[in-house]
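Heads up, the next two complexes both have chain A, just with different partners, chain B and then chain C.
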Partner chain A sequence: METAIKTVDLVREFKTSRGVFRALDGVNLEIPSGMIYGLLGPNGAGKTTLIRILSTLLLPTSGDAYVGGYHVVREAQKVREIINLVSGGERPGYGILTTRENLIYYAMLYGYSRREAEERVEEVSRLIGLEDFMNKRLNELSTGMVQKYSLARGLLNNPRILFLDEPTLGLDVENARSIRKLIRRLVDDGYIETILLTSHYMYEVEELCDRIAIIHRGRIIEEGTVEELKERVSSHVIYELTLQRVDGDLDFLRELDSVIGYKVRLSDVPGEARLRIIMAYEDISRVIGLLEKKMYRVKRVVRDEISLEDVFLKLVGRGIDE
Partner chain B sequence: MSRILDDLRAAYARAWVRVKGNMRVKTWFLWEVVLPTIFMASVIYAYYNLDAPRIFIGFVVVGTMMMNFWFNVLWGMGNVLYWEKETGNLEVFLLSDRPIYMLLLGMALGGMLNTGIRSLAILLIGIFVFGAEFNTGGLMPATIVFLLTLAALYSLGLMFSSLHLVYGRKGIRINEILGDPISFLSGQYYPISVFPTVLQALASLLPLTIGLDGVRRALLLGQGLGDLYIHILGLGIMVMILLPLGIWVLNHMVEKGRRDGRLIMRWL
Partner chain C sequence: MLGLIRRVLVVVWLTFKEQSNWTSLPVYLIYTFINPVFQVALYGYIYIAVAHLSGITSPEAAFYMVSGIALFNYIGSGLYGVIWTIHSEREHFRTLKYTYLAFPDLQLYLTSRGLYHYLVGLATSLAMLILGMLLIGYPMLGSLDTLPSIALLLLIGIAWSSQIGVVVAGLSIYSSEYGPVISESFGGLLFLLGAVLYPVSALPPWIQPLAHIFPMVEWMELMRHYLNPSYIPGDIGGLWTWLLVKTLATIIATYLYFRLVERLVRKTGMLEASLHH
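Showing the complex of A and B:
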């Protein structure tokens, strides 16, 4: 299979007032074409930095990166001809102009004449389902429609490779689902050859991506399909416990050799919390004993299936949004 | 050839956006025409009060018209480029692989059209309300000097814009530093002959001073191309130096921005 994106020992450092911050620390990736590839990691893991380097907006400090076979520094022009980038939560464009006018402007940046730009914009708006919003001013669009508009913008130059940086950031459940369906269709129907998508939403990556890399503190710590990644923790034991209350951290659980990682989130029931815990071997009775010793009342215990979240817990020792 | 055409299309697209956006603000006539006329009127009334020769009315009108283009360079190029970066538009532009000076050319052309409308309105108000008189024989040499002045000013604009790109919001200070002092030095409302010699020499280095003087000589005194050859030569040399230098500085700053990450950082 042809390689769409490749990075070799990619490093990017930023100078800050407190010294040098290494955002990417020797990233090695090989992304085959013809798929949606997910880059999963918490905020500040280096996802956006990597995408900005691949889209030629930022130079690497050292190492190499290739997109579509072209070097992102030495052949940046060739890279730009085959890519586009859409960032979630951003609203590039001119609020006072309509969606159509904004898209015509962006199409013309790609060398279309005014008439060709109008045709291309109509074509893309049909594909994305923007037709009813084309005459609305950009500053009148809802967040969900803005994201569709941004996706339309990203398709104007007919890119082979599309970078999507947190494409559903800030969207409600329904709009996020609609955007995910659209993204899937772009690859399945052959509009885009390869998509590299960054996200810190587990379910998004699990639902959309054919392969995944987990990035943490500027390093790729695991790579594979969702099934392969789950397989790598298949020998581990996962429990979800419902606790009466959680105040303070539960780091005392790490005293147990069996505990690899845990994540706490609030339950839908007021006053309750859910504790998801990953263990190297079956040791739930000691976990419960320790919790009760610390005055935590355990209301329910369920042994659970392995999810992508557990892979992350195992690798990093904490949840992605903690 | 095709690449040059594509680049020019990008400049046209940016100019189109600027003109369209400006005209869509319903109060544009108030901002663009009425308000700039008020200060000009106050200066004209001051000259009336001093019983100054009638030529001074035209002098003030030309000064006000041309100063608009200078303020367009300062606020309509550098400052807008900064906002383009903050809103993510610059990233989108850079992804399209068009040279950044084409983005600025588009902003400049769009701005020139908007400023042109303003200046035309000021000219008409100057003639029909305040009775300014111009020598129509000087129209052609005035146009040549005016276009060369614009080219020199917008070349300077390329350089100032790059500072906005690197220094972010601090760039606004540069506009303030370059706004009023240049308006003062270039003689917007008075002949620079009133200055001491050192200031006169300093002012003569500014394209705006040369341009204003040339256009005034043509339109008010009826001087022809032969009389204005020093102005034309001076401005021509300035354009030949400033334009490539402006493009080089801008490209250099974009590469620096890619290297140190400033192109993608916001709210600096």
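Showing the complex of A and C:
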């Protein structure tokens, strides 16, 4: 299978007032074409930095990166001709222009004639489901519609490779679901050859991506399909506990050799919290004992199936949003 | 080539929309013309008031002043349009990075964004010259023979001033907060040094070499000459030579400078940096 994106020992450092911050620390990736590839990691892991380098907006400090076979530094213009970029949580565009005018403008920036641009915009707007909003000014669109507009803009030049940086960031559940459906369709129906998607939403990556790389502190710490990643923690034991209260952290759990990682989140029931814990071997009785010793009341204990979240817990030792 | 021309034209269209879309066309036209027209009226009135109080009239000085502010309006409009692009696209519209990916050359894009402003500047400058002529009564645009030279000078004016704008825009990439200040300050510097209200010889001797760095002095004096051929600023052939040499040097230097800026911008990630709003 042809390689769409390749990075070799990619490093990116930023100078800050507190010294040098290494956002990417020797990233090696090889992404085959014809798939949605997910880059999963917490905020600040280096996902966006990687996308910025691959889309030629940022130079690496060292190492090499190739997109569609072109070097992102030496052949930047060739890279730009085969890619596009869509970032979530932004409202880029000329608010005083209508959606149609914005899209025609961008299509013409890519070199289309007026007629070609109009045709391309119509085609893309149908695909994305923007037809009813084409005559509205961009500053009148909802956040969800703006993101659809951004996605449409990202398709105008018929890119081979599309970078989606947190495409559902800031969207409500319904809009996020609709965007995810669209993204899947783009590859399944052959509109885009390869998508590199970054996200810190587990379910998004799990639902959309054919392969996943987990990035943490600028390093790729695991790579594979969802099933492969789960398989790698299949010998581990996962429990979900309902606790009466959680104040302060539960780091005392790490005193137990069996505990690899845990994540706490609030329950739908007021005053309750859910503790998800991943252990190297069956040791739940000691976990409960330790919790009760620390005055935590355990209301319910359920042994659970392995999820992508558990893979992350195992690799990083904490939840993605902690 | 056709694709590039189309791209430039759509950028001009965008700038027109950006400038005019907030209101109806008649209101926009009034807004566009009102400031320059009142500006020339103000300078004209200052001249008339000083002449009235002192009893000394100098239509030559009045011509120098009125033509200066009208021509500076043309250069200043375009320059401002080029420089302001970085601020508006990166800070306000958040489009700079997407434009960078879509348009083949950022330097050409910035220049294209200035083109509409030069067109508006040309129309308003013409209005200023006509009003100034009516106020002061000094002959201007008396002969059609000079029109080709004026047209050529207008194009040369775009060539050097837009590239100076690109240089300043390159500086403003590194400062979101101070980008607009840099733009205003640079316009002020050219107004001060560019033979707008007075000849360079009226400046303190130590600052005169700075005024001669830019092609503006030669350009202003030649424009004045072709607007009113009885105005002879010196050796016309020499002025043309210096204007062309300096314009060429500006274009080459800007090209080299902007390649460096672009590399530095990619190195620092400043295309996306938003420090304002």
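Annotations
What we mean here is this: the second predicted complex is superposed on the first by the 322 of 322 C-alpha atoms of A that agree within 3 Å, B and C clash if a C-alpha of one lies under 4 Å from a C-alpha of the other, contacts with A are read in each partner's own complex, and residues count from 1 in each chain.
As a convention for this text, a contact is a pair of C-beta atoms (placed from the backbone, for glycine too) under 8 Å apart; a residue touches a chain by one contact, two chains touch by 3 or more.
Bear in mind that the values here come from a model prediction, so they are computed numbers and not experimental data.
Overlay on chain A: chain B and chain C clash in the combined arrangement.
In the superposition on chain A, contact is made by A:E101 with both chain B and chain C.
Contacts of A:S17 after superposition: neither chain B nor chain C is touched.
Contact with neither chain B nor chain C is seen for A:S235 once the two complexes are overlaid on the shared chain. When the shared chain is aligned, no partner comes close enough to touch A:S285: not chain B, not chain C. The interface of chain A with chain B overlaps its interface with chain C at residues 14, 52, 55-59, 76-77, 80, 83-85, 90-94, 96-97, 101, 105-106, 108-113, 153, 157.
Residues 3-4, 6-7, 10-11, 13-14, 17-18, 21-22, 93-95, 97-104, 263, 266-267, 269, 271-272 of chain C are the ones touching chain A in the complex. Of all the residues in chain B, the ones that touch chain A in their complex are 2, 5-6, 9-10, 12-14, 16-17, 20-21, 24-25, 87-89, 91-98, 258-261, 263-264.
Chain A contributes residues 14, 52, 55-59, 76-77, 80, 83-85, 90-97, 101, 105-106, 108-114, 153, 157 to its touches with chain C in the complex. On chain A, the positions that touch chain B within their shared complex are 14-15, 52, 55-59, 76-77, 80-81, 83-85, 87, 90-94, 96-97, 101, 104-106, 108-113, 153, 157.
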